[in-house]
Structure formats: structure tokens, C-alpha cells
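Quick one: structure below, then a few questions.
Naming follows writing order (A, B, C, D and E), and every chain is counted from residue 1.
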Amino acid sequence: MLIGKVTGCVVSTRKNEKLVGSKFMIVEIKEETAQMKKIVAVDNVGAGIGELVLVATGSAARIGCGEEKAPIDAAIVGIIDSGQGLGEQI
Amino acid sequence: MLIGKVTGCVVSTRKNEKLVGSKFMIVEIKEETAQMKKIVAVDNVGAGIGELVLVATGSAARIGCGEEKAPIDAAIVGIIDSGQGLGEQI
Amino acid sequence: MLIGKVTGCVVSTRKNEKLVGSKFMIVEIKEETAQMKKIVAVDNVGAGIGELVLVATGSAARIGCGEEKAPIDAAIVGIIDSGQGLGEQI
Amino acid sequence: MLIGKVTGCVVSTRKNEKLVGSKFMIVEIKEETAQMKKIVAVDNVGAGIGELVLVATGSAARIGCGEEKAPIDAAIVGIIDSGQGLGEQI
Amino acid sequence: MLIGKVTGCVVSTRKNEKLVGSKFMIVEIKEETAQMKKIVAVDNVGAGIGELVLVATGSAARIGCGEEKAPIDAAIVGIIDSGQGLGEQI
């Protein structure tokens, strides 16, 4: 899983019908301090803006959402409370 | 899912038979302002050139197209109306 | 799918038995003008050297080859005739 | 699989229910000496901080954890004892 | 598939039980001359150090190893004899 910070959200009215009701959060993945990458992840754990989260990608994301038939490839699967060795990740 | 802007389309006559009828859009993925990556995504939600879209990749894309037997690895699954924290993404 | 140009081919005698008969083409993926990445894709649509093609990756590639039991992770699934917005891709 | 060094761990209380009991380790993937990428991998082999490990990603990770229904996309599947050609990886 | 050169191997005693007996080779993926990336791939075709090989990743790798239940995400599926357009790959 990747570590990222929730920085925003996205509204989409015209979308795949299996995505109706999904909450799309913008997560800034902090792989390195110099290289940031934003992805849109479906949130099922109630993450708020500014929170540090665990993001699962690929088929794991659909499993995380309990929606095997929805076109989801990134999901927030946990909210990080604390960590050892996170360093400048936070 | 990734955020991108539809910038064009592609015509392919000689192709896998499961792709007949698919609409191939060129989507510019804007991960960072300095690094752009173009991919070809199958469109099932009616996206037009210039629109900001959500793109699902991998096996999620086939699910998004309702075509489990087509060799699709990227699909437009939603059109973005607005967003909070999109910043320079748009 | 990715856009690339077929630039060569590869011969492999000692290989996985499910790959016997597969045609391995070298495809130069043109994501950006400055960054090129070569991959080897199995060709089932009859692409020739110099042609611009659509490449599917991951599990989509196996589906594109009709070979669910072959270790294929990249396949040429279409030959591009023309496009709008391809820009410097060609 | 990727080679990485375990550098820390992460605590997450609010998380997907299928992840309860999982041990989240921070692994620094050393692809090149200049480019480091941290991922969070579920550990099932008892890796400790500082150990060099093999990390499987994607659907292989869920298989490695024996948890097909958990949203896991990275797992520690082996602890490296020694190697030939590891060079500056260690 | 990716093209790479076998440069070493890795020994792991404490590992996932489904990996017992697997031969872990270090493969240097040569995407560009300036950017090298090492991965660990399971070898089932008898590749030796210094040989140029085809590497399948993701779920294709497990298929290549005939081990659907092993946490494998990269496998050597062919040894390259020769090629046209390999250029500075070799």
C-alpha cells in the first residue's frame, strides 16, 4: 500500500453506474519529498482532508471497497494513526 | 483513478475483434505539471475533447467497460464536474 | 492502452511452452518525447516494423491474445491508422 | 519481486475490517541508489526493521498473505539471507 | 514483457511456503541506457548469469511459473537468442 495525504475531493455526475455513491478523494502520494503524484481514491473508511492514509491500488482496491464489479483501481483502506520510520512522509 | 484531460482520439481499423466499436480517446494524465503522460482510454461515458475525466486502469478498466473479454487496460469511468484541491490539475 | 512504434523483434528458443508460436515485437512506447521505454509485446494483429500500434498491458494482454494460460503481459491489440491530437506521438 | 529494506511500521486503527491483525511495515525499495520509494507491505514472514526483504506486489501480495479478500497490494514474502550481484542494493 | 540481463541471484531461507524451491534471479531491466532497475524474478527456463531474458510481470508471472498460488509477480519466461532493433539493449 502507498502512504498519502488526502488533499481534496472530486465531483463527477456523469459516471459509470457502478460508481454511483462512491466518494472520490484526491490523495497526494508522497513517495519522495521531491516527487508528488496525485491519484483519486475511493474512500470507504471515512478519511478527511489532511489525514494520512493507506491507499491500496489495482484489484486490491475493489476488494477494499467490497465492489468487485465497480471500475475502481485505488481505495483508501486505512487511516494512519502513527508510525515508526515514516520520517518526512508526514 | 487518475485525473486527465481528453486531448484527442485514435482510429484503428486492424484491431482485436473484441475492440470493434470501442471509442479510443487520448487522455493526457496530469500527475505533475512538469510530467505529462498520454494514454489511450476506451470511453463509455461520452467524454468530449477538453473534458477533465477519471481514468481507471488495469482490470478495473475492463469492468468499467462491461467487457471482461476485451483487451482493455484503461477506461474513462467518469467526467469531472468540479473538485476541491484539484489545484493546477485543471 | 499505450501508443508505441514497432521497432524490432526478438527471437527466443528456450522459453515457456505456452509461448511457443508467439511473435515477440519490440515496441517503443512514446509517452513523452524525451522518455522512451521499450517493451516486448506479443503481436496478434499482424503489425510490421515502423507501424504505430495500441499496446495493452497486464491481464488485458492475455485476453488480447486469447491465451489465458500464457505468461503474456503486453500485447499489440490494434494498428493505428490515424488520430486527432496525437501530436508528436507519431 | 522487489528488494527492499524494512525501515519502519505504521499503525492504523480505523481501517478496512479485512486488514485487522495485519502488520504494516514500511519498506524502502532500492531500485537505484539515487531513487528510493517507500511502500507499506503486509508482513507474514516475521521481518524485522533493518532486514533486507523480497516484496511481492499486486495480486501476488494477497496470495502471499493467504488473504484473497483483503485489500492488500504489497507483501513481504521472503527475508534475504545473501545474494550474488546484489551490489549496492544492500 | 521486459528485456533484462540476469546479473545475480538471491538466497532466502525464511520465506512464504509456496516459494520453497523457487530460484530467485536478479534481473537488470534495461529500459533506457541511463535508467536501470533491478527486480527479482523467479526462473523456470534455466537462465544463467549474463543471459538476456524476457521477464513477465504481474499475474502473467504466476502463470509463467505454473504456480497460481505462489506470491510471484515477476518471472523469466524466455531466454533471448537474438533480436532485430534491440540496439543498445544488449
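In the analysis below, a residue touches a chain if its C-beta (ideal position, glycine included) is under 8 Å from a C-beta of that chain, and two chains touch if they have at least 3 such contacts.
Everything quoted here is computed from the prediction, not taken from an experiment.
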Hopping along touching chains only, can you work out the least number of steps from chain C to chain E?
1
Rotating chain B onto its identical copy chain D by a Cα superposition takes an angle, to the nearest 5 degrees, of 145
Would you mind pulling out the distance in Å between where the CA atoms of chain D average out and where those of chain E do?
19
Where chain A and chain C are represented by their mean Cα positions, the distance between them in whole Å
31
Pull out every residue in chain D that's touching 2 or more other chains.
58-59, 61
Drawing the touching chains as a network, do you get a line, a ring, a star, a complete graph or other?
ring
Output ring sequence (origin chain A, second chain D) reads A, D, E, C, B
Interface with chain D, chain A side, in the complex: residues 1-3, 31-32, 44-46, 54, 56-61, 63-65, 75, 77-87, 89
Residues on chain E engaged by chain D in the complex (per definition of touch):
7-16, 18-19, 24, 26, 35-41, 49, 58-59, 61-62, 69-74
